[in-house]
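Presented sequentially are two complexes of chain A, the first with chain B as partner and the second with chain C.
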Partner chain A sequence: MVKEIEKTGIPVVHICTVVPISLTVGANRIVPAVAIPHPLGNPNLDAKDEKKVRRSIIEKSLEALTTPVEEQTVFE
Partner chain B sequence: MKLELGKIQIQDVVAGAEEKIEANILYINPETIVDIVLEDDRLAECSVEIAKPGESVRITPVKDVIEPRCKVDSSSGIFPGVINKVDTVGGGRTHVLKGCGVMTVGKIVGFQEGIVDMKGPGAELTPFSKLIEICLVLEPKEEIEPHQYEEAARFAGLKIADYLGRLGESIEPDEIVTYETLPLQEQLAQFPELPKVGYIYMLQTQGLLHDTYVYGTDAKHIVPTILYPTEIMDGAIVSGNCVSACDKNTTYHHLNNPVIEDLYQKHGKELNFIATIITNETVYLKDKQRSSDFVAKLSEFLGLDGVIISQEGFGNPDTDLIMNCKKLEEKGIKTVIVTDEYAGRDGASQSLADADKLADAVVTGGNANETVKLPKLDKVIGQLDYVDVIAGGFDGSLKEDGSIEVEIQAITGSTNELGFNQMSAKGV
Partner chain C sequence: MTSKFKVVHYINQFYAGIGGEEKADIEPFTKAEVIGPGIAFTNVFGDEAEIVGTVVCGDSYFNENLESAEKKVIDFIKSYNPDLVIAGPAFNAGRYGMACGAVAKAVMEELNIPAVTGMYEENPGLDMFKKDAYIVPTKSSAAGMRKAVPVIARLALKLLKKEEVSPEADNYFVRHRVNFQAEQRGSQRAVDMLIKKLKGEEFITEYPMPEFDNVAPGEAITDLSKAKIALVTSGGIVPKGNPDHIESSSASKYGQYDISGIDFLTEATYETAHGGYDPVYANQDPNRVLPLDVVREMEKEGKIGSLHQFFYSTVGNGTSVANAKKFAAEIAEKLRADGVDAVILTST
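Up next, the complex of A and B:
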């Protein structure tokens, strides 16, 4: 999906737990997610701390989306 | 560590009032079995049914299969840390009831339990159609949670395999096979001219009913460690997982791991089998990185020349597999990976979710997406109403005439990644 959307000229950020797979399939902008069963949150945290985690992933993704890249890049 | 495995060939299983093994026939008392199972207050009902090879019987949803075993003249028991006290196993003598299995069946726990046919095209895809299966058909109490039911079902199977195994303690086995691995320095010195080979045993530990236990501990919390291979033959590793039926390792698979068996066969002839390194398949990237780092580090520390790596399950564990392979190869340790494929029903898609050019020696257990038509069989042990929703099933899998069309993913053990099956692919 990442590659098909990018073919149309729209940049894509792949938020993904298993970064090596994302690299293998060819995503250009990768933001690591939390864990496979809960990529965008963490049920072990309380609501306030979890919101922080979620916000940081989104902010990092937006930053990645607007950053020019020359090669596959992981935004740690 | 040296283990004598005494094999008692069971040619028939007879239900009745007596409990004994005589002239290679196992006599079981279903009432006693039910009493033992229902000691667990999380289970509401249990019935015992026997299915034999060639009978027109379909068993589903199958959770685990366990081979009855017992320690002989020993203070320790099989499945240590789970149903017997924690104690190092793998030495001394163990008796095995070959030719039969205890199978846990009944209302589904997750969505990834399997089908075992005792006859027809489905039977050809599972090794369990060749055993006399002692099925425990379980019904949980209504109020319990799925993970509690999974544990109760797991314990039920292990307890009955232990109970029936003990009937063989004083029986003279038909055959005794001895397996021995020496402490590291002695093992290295025993066959100094032969290549030093290890086995990397990946265990499914993704949580949410995808777990494996080592001496009773949840393997998702371990860092990779070393076991004598014979410990595994005594039940040091048990399955607690509801991963896709085709490529989960049941407890039976762990007890009879063919990679270990074959490495022992070549031990002292073609190679020096040094150790088994167990590792996990976790859901956090940093855990995957740490575990694969440890696998590579331990292999280097042991001075291995080559390893066989087996996987369990599919999808993101493909990354654990490739990470292990890559890090070992980068240390100059040769690898062969044993896996299976999800290449689409036509076999044309990418087989693994991850890949690397260093993974250049692969054994496959087959394509789990292949479909198979299973004709109606006369008897069902368990229940058919989950066939459409188990992994490998799809809307309309269960036909009105009682036949089933499913991906072979739904058949227990069909694409096993230890090579405990017939299917493979050969290429250059």
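Up next, the complex of A and C:
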């Protein structure tokens, strides 16, 4: 899906937990997520801290979208 | 050698010298002679084989009358009582590739003789028929004829002589698994491969991963505060009750959902339709999969220009690559039409 969208020229950042799959499939901008059932959250934290985690992943993703890349890049 | 092997050649109206698109609707016919590219094959065959007849059909006619055209072509081929059939090569001509593949398949299944054709890797006929026929990779256009002919002809000769062939040695697309008895058991072979890998030596995997064709990265966003961002997910987030009935696995559809005026997702209003992960956390707080709350906040703070009015969602659980591509192509078209600058795609 990432590739079909990016093919049209729209940059896509892929937030996913299993980075090797994203790399194999061919996403160009990848941001690692927390866990498969809650990629952008952590139920072990209280609501405030959980939202901080989510915000930091989104900030990382926006940074990825503003970074020119030539090849597949993982934004850790 | 006392007698030559008999080969029949299948070609389209163009290679038969009849005409281009304006003649693509001609019905099948045959001549007991060598026509067009058949001459080049004859040169490689030498004394070992000869083309005893050529069957011609227009590409449009074949594809519009699949069953009846195939039957006529096969009847013509059968009338020569051949030992093998060569079709094309079709290069990247889609309809010709479909015809060559269909003819080759029918020849192998109904006449029980081998059939060889040639196609460019993106010819739709390849995906459709690579399990059925011997298909040699070619260039995308007829400019590759000179290179393709010897490969096809040599493979044909080996098949005629019932010699063993393999995709690696004889240069054709892998058809299907071949069973064989290995000398060492699987664990031994796997450890041998691992050791080679650790040493940085070459090894050949017994289970190659499918190849994915990569796309060029989209251009970076220069000014986020003016960018329109859209959210897309394969994590199956849908309005409560899953109004579009997106399947929990092997999804056949995606949903488009309006989030204008919505600041965050709640347990009461949204859920996941995904059947491939534990849904408890996503159902408790769907923002964990589709981060609407945070992205909306950042929109209000002016960090991003705007959040797109819709989000798109499907279930990436055993969903075929073909379906995923189809969904995303449609989604991409809508995103472009709506002036979306960048996409955040989340996967579980």
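We take it that the second predicted complex is superposed on the first by the 76 of 76 C-alpha atoms of A that agree within 3 Å, B and C clash if a C-alpha of one lies under 4 Å from a C-alpha of the other, contacts with A are read in each partner's own complex, and residues count from 1 in each chain.
In this section, contacts are C-beta pairs under 8 Å (C-beta built on N, C-alpha and C of every residue); 3 or more make two chains touch, one makes a residue touch a chain.
This structure is a prediction, so every number in the text was calculated from the model and none was measured.
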{"item": "Of chain C and chain B, partner touching more chain A residues", "value": "C"}
{"item": "Partner chain in contact with A:Leu65 - chain B first, chain C second, else both or neither", "value": "second"}
{"item": "Touched partner set for A:Pro32, first chain B, second chain C, both or neither", "value": "first"}
{"item": "Touching partner for A:Pro20 - first (chain B), second (chain C), both, neither", "value": "first"}
{"item": "Footprint overlap on chain A, where chain B in one structure and chain C in the other make contact", "value": "17, 24, 36-37"}
{"item": "Contact footprint of chain A on chain B as seen in their complex", "value": "206-208, 283-285, 288, 316, 318-319, 322-323, 353-356"}
{"item": "Residues of chain A that touch chain B when the two form their complex", "value": "17-21, 24, 32, 34-37"}
{"item": "Complex contact set, residues of chain C against chain A", "value": "209, 212-222, 224, 227, 229, 232, 234-235, 277-282, 284-285, 287-289, 291, 293-295, 297-298, 303-304, 314, 316, 324-325, 327-329, 331-333, 335-336, 340-348"}
{"item": "Chain A - residues contacting chain C, complex", "value": "1-17, 22, 24-26, 28-29, 33, 36-41, 43, 50-51, 54-55, 57-58, 61-62, 65-72"}
